[in-house]
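In what follows, structures are represented as structure tokens.
Next come two complexes built around chain A: one with chain B, the other with chain C.
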Partner chain A sequence: MSFATFLDQLFAGLGLGFVLFFSAAGLNLVWGVLGVMNFAAGAVYMLGAYLATTVIARTGASTLGWLLALAIVPVVAALAGAAAEVLLLRRTYRAHDENQQFMLTLALSYLIAGGVVLLYGTGLRTVALPASLSDSWNVLGATLPKYTAVVIVLGVLVAAAIWALLYGTRIGLLTRAAVDDRTMLSVLGVNVNRLYTGVFAFGIGLGALGGVVDAPNGAVTTNLETAALVPAFIVVVTGGLGNMTGALVAAVSIGVIESFVTLQSPTLAPLTPYAVMTLVLLARGASGRRLLPTRPTAGG
Partner chain B sequence: MRSVGRRLGPFADWGPGLGLLLVAAALPTLVSSEYVLLGASMIVTMLVGLSFNLLFGYAGMFSFGQATFYGVGAYVTVLLINRGGFDFFTALIAGMVAAMLVAGVSGAVLVRLEPIAFIMLTFALADLFEFAAGHARGLTGGDSGTIVSLPDSLNIIVGVDRVYYVILGVAVAVLAVAFAFVKASTGLVLRGIREDALRARTLGIAVERRRLGVFVLAAAVAAAGGGLSVLSTQIVYPSVFAWQVSANALIVTLIGGVGLFSGPMLGAVVLGLIDFYVGRLTTNTLLVDGLVLLAVVLVAPSGVGATGRGSLLAAPGAFVRRVRSMARDARADPAG
Partner chain C sequence: MVGRYGVGARRVLACGLAVMVVIGGVGCGSSKAKEGGLAKGAPLKIGYLASLTGFCSGFSQDYVKGAQQAVKTINAEGGALGHPLQLLVRDDKAEPNVGVSQARDLVLGEHVKFLAGTCTSAVGKSVARLVANPSHVVYTVGVADPTVFTGSGYTFATIPTANIEGANAAAYVRAHPQWKTVAVISEDYSYGYEVTAAFRKGMKGSPQKIVSQEFVPSGAPSYSSYINKLVAEKPDVTYSTVIAEDTITFVKQAFPLGLFKATQLFGILDYGTIDPMPKPPVGALGYTYYPSASIYNTPLSKKLDPLGTEVANSGAAGDGFNQIEMIAQGIEQAKSTEPTAVRSALSGATVQMVQGSEKIHGCSNLTAVPIAMGPVVGPTKALPFAHFSPIELVDTNKYFTC
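Here is the complex of A and B:
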């Protein structure tokens, strides 16, 4: 493999990995803090991609339109997420029945998917990138599509923002405290309900952001739901439930490895996440640790 | 924690199911062939629901991947008939055995996982099989599917009623085995594990082995559903492994009542009728199914978890309790 080919695959892999990180981070944050495994994450991702096609089509595939989609869609999704949390999930925390919460999010995924079919039909849609983002740069003989570079930069920024939020702000401090002892936090006068709504909305926004960012990479179809959900689940399991650093490392590694596997065998490439997860779980098992932690730990 | 069976009397556990089976036995004499076909698909859905109920209702294991075993049952049955020239029943039993093997191997790891990880990885396993079935084109025909070549005696177009009775007959046999299993001490032990795994372990029960056992049995039940589905669909696509199959198993069990033996039977009939009539109005059944699921999950007050409270039979009482507890919640401090 020449150095240029190596760089090509590395860039593509990083792009893939950071797209994966957006939805996995949303899923992981919600699991880590609220203890809810959000099955609707795939549907939210799909909704994000579809809404992006609308916003970008309305603005004629301009740079501004693309930025607008990037800004508006996650916010809209986050607001809808906040509403769903207040109306449906909030009442389930006291009993803390993980299965019931999972089923509620499953119902939400049905409703979102049904809504998408109602609005957009089942045909495929595509997003045209603005001219400013559709060509590529030459880096040391390798091609770096501008859009891939944008995705990588955006991914690094979002990851940094999540860390800054969790470890540099009072909200982050309270969020981490809520993981440890929710009751104590509310006794200290913190509005835990509002905190949970915020975290859930943020997680949903991240998932929708993943859909928006991924929309120009291929056709937007109803298959996106499962296509996004399974790898996101796998990243969360591989990185360790609730572990953000783990999720970032797992997402980027899986993206890069998958990209190199694609070079050898495009058919087998989609199996990469499973293979990586299996190896990581086996290694964890062999080292005598629990396969997965019982209690979620947020942050690092 | 009292089960719905206790609250409603023992008859409520199996009575409604027996009633439905009697109606099912007379179905071809009562309705037109369109509804006989609907009945056949309800029976298949019921079997996957029964498989889920054995795991979740009796053992507290929330599997979101019963599609794996449904699909293995369907594909092995079709491939053995088409490629090996086996007769349907031999192929069906081989399909069930194959599913049990898959469950035995994957279950060795899966049954040790935490509940959420169990949900996610059973789901991922089905997705893995869907991928494999879509890509092993030489064997499965990929996304174009495989048409099964059945003799005329098992061709549903030639004789709807005969094929319907074959499906019903196999389903009754499977139900009988499952009923014997949950009513014997094995079923009681599993419920003990469900309520308190640590205590069961302390009492000397091999928790993992029991869980693996019911996982394997449930796989055979789902595979029977998959193998029988071949008779009514006559074609198998990789979508037999889709998570919607697992979700349907969950929804029918919730509608009918978790941990209630009749639960999946009641639920399969209700969901089958809803989807049938909604399907006449629109192809978009997702919204309706989502609303049904949402309603059932919300009606069951503190989690439907293995108490049968989502049951149709218990629904009126549960609804009253739900409204009362919502009124209580509205008054109480929300940050509990």
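Here is the complex of A and C:
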């Protein structure tokens, strides 16, 4: 393998890895902190991509248009997520019933998917990249598409922002405390309901951001929902629930390994995420750790 | 726990009873259908499976529009044998289990005797098995896996299959001896494997060398690593059977990675996929069963005009239209609405389609519509979407061995 080929596959793997990270980040946060397995995560991702087509269609395929989509869509999705948490999801915390949460988020995913079909139809949609991002750079003989570089940089920035929020702010401290003992936090006078709403809204915003970032990579269709959800679960399970660093490492590792496996065996490459997840779970099991870490239910 | 097992047992019992009722229903339905046909002028229901969500959802709206347009025009002309057609559209989600469930509901619940549609071979194959026995329902569909049509007798293709597609692609590559090395990229499901096998069979004995073969996953977010591999190998030509929305992902990612400079792309490029691309792969050599309907200038192609230029020329609309026309013409030719009679009438018949007068080969139930081929060009005034020009129509009858 030449050095240029190595770099080509590395760039492709990093690009794929950060797309996987974007699809998993919101799910991971909501699952890890609130204990809610959000089956609407794929639908939110799809909605983000569709909303991006609307924003970019109105503003034009310019850098400004794309930046506006990046800024507006996650905020709109986060506000809708906050409303859904307050009006619907919050009721399920009291019941301590994960089945209710599962059914509710599944129902939300159907509602979102149905709404998208009603609003946009089922035809193929695409998002054009601004001209400034549509070609590539030559890096030591390898080809680095500019948009892949943008996805990687954006992914690093988002991961750093989440990390800084969780570990460098009071809100992050409270959020981490809520994972351990929601009741104690409430007794100490923290408005846990508001905290949970914020975390859920942030998670939904992250999911929608993933859809915006991924939209220019291919076609925007209703198929994005399942295309995003399954890899997202794999990344979250592999990286560890609520462990954002773990999710980042898992996503990037899966992307890079899959990219290099493609060189040797293109047919086996799509199995990479499943193989990595299986190996990680086996290693966890062999080391005597639980396959999935336990956490208190959202009710406390 | 005991309670749960109790509920489980009751569920099993209920399911068992439901299955018995359903099986009983099949028997009753069949015997009733044999005893009497439709009352004069009664609506004739056609179940239509469309992958409105899931893989190839981007196409399926146009399939439905084409099918609805066929129903509209046939009904305006008096229906099929005097029966107005009624289309019942169901979403199969491009999943075989959902497709079969919907088809079963249409056959047993709605008592349809005719089914059409779906865009994936996987769904088509499952539904074809269901309609063969014991239901005896005529099913028309435009999918490419040849095994969908083997053994059923009741399933008819509105297009040739992957065998013919692959054989034609091999003949095209062999006709270009300047292409010494060939790479093949296909999707990792039945259609991809069938078309690739047929292509490789057609290339046997050729001095041209197949240097790589890749099966890529459907619906993947990134094909960059596969494209990099192709760019590194620099084959003279890359034969691609990546289809539906994956074509868009593949082409969009191929541009910045330099694929079109490293190799000549040749493969299936349906108009429905190259049209929505912000930057179509101008210069790539494409083929499709359904180019713009307007190039045929046949009585049926003109009936697609009310759908508007984009839809009428999407290809999928033409296929949906043909599926319903085939059923209606089968009924007219059989002078009966009984599926067994319609099946006999369609086998080996010549039917009018968007493309013109086409033969259904009796040994395989495949229709020999031509394959349209040509280099991709951008939108023009006459055709305001990416298309092939000049376009060549290949007669596929020569690939049939029966």
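Going forward, the second predicted complex is superposed on the first by the 289 of 300 C-alpha atoms of A that agree within 3 Å, B and C clash if a C-alpha of one lies under 4 Å from a C-alpha of the other, contacts with A are read in each partner's own complex, and residues count from 1 in each chain.
The criterion applied here is as follows: a contact is a pair of C-beta atoms (placed from the backbone, for glycine too) under 8 Å apart; a residue touches a chain by one contact, two chains touch by 3 or more.
Since we're looking at a predicted model, the values are computed, not measured.
> Overlaying the two complexes on chain A, which is it for chain B and chain C: clash or fit?
clash
> Answer with first, second, both or neither: which of chain B and chain C does A:Gln100 touch in the superposed model?
First partner only.
> Should A:Thr226 be classified as contacting the first partner (chain B), the second (chain C), both, or neither?
It touches chain B and chain C both.
> I'd like to know which partner A:Gly168 touches here: chain B for first, chain C for second, both or neither.
neither
> Just chain B (first), just chain C (second), both, or neither: which does A:Gly60 touch?
Neither partner.
> Under the stated touch criterion, which partner chain does A:Pro270 make contact with: chain B (first), chain C (second), both, or neither?
After superposing on A, A:Pro270 lies in contact with both chain B and chain C.
> Kindly classify A:Arg91 by the partners it touches after superposition: chain B alone (first), chain C alone (second), both, or neither?
first
> If you stack the two complexes on chain A, which partner ends up touching A:Pro145: first (chain B), second (chain C), both, or neither?
After superposing on A, A:Pro145 lies in contact with chain C but is clear of chain B.
> After the overlay on chain A, which stretch of chain C ends up in the same space as chain B: 20-28, 74-82, 164-172 or 236-244?
Clashing stretch of chain C against chain B: 20-28.
> Quick check on the output: what are the common chain A residues between the chain B footprint and the chain C footprint?
In chain A, residues 113, 117, 226, 267, 270 are touched by chain B and also by chain C.
> Considering only the defined contacts, which chain B positions touch chain A in the complex?
Going by the criterion above, the answer is residues 56, 62, 64, 109, 112-117, 119-121, 123-124, 127-128, 131, 135, 242-243, 247, 250, 254, 284-291, 293-294, 297-298, 300, 302-305, 326, 329, 334-336.
> Within their complex, state which residues of chain A touch chain B.
31, 37, 88, 90-92, 94-95, 97-100, 102-104, 106-111, 113-115, 117-118, 186, 191-193, 226, 230, 233-234, 236-237, 241, 267, 270-271, 274, 277, 281, 291-292, 294
> Spell out the part of chain C that touches chain A in their complex, as residue ranges.
Contacts found on chain C: 52-62, 94, 188, 213-217, 219-222, 224-229, 231-232, 245-246, 248-249, 252-253, 255-258, 272-273, 276-279.
> Can you list the chain A residues touching chain C in their complex?
2, 5, 8-9, 11-13, 15-16, 19-20, 23, 61, 113, 117, 121-129, 134-136, 143, 145-148, 214, 216-219, 221-223, 225-228, 231, 255, 258-260, 262-263, 266-267, 269-270
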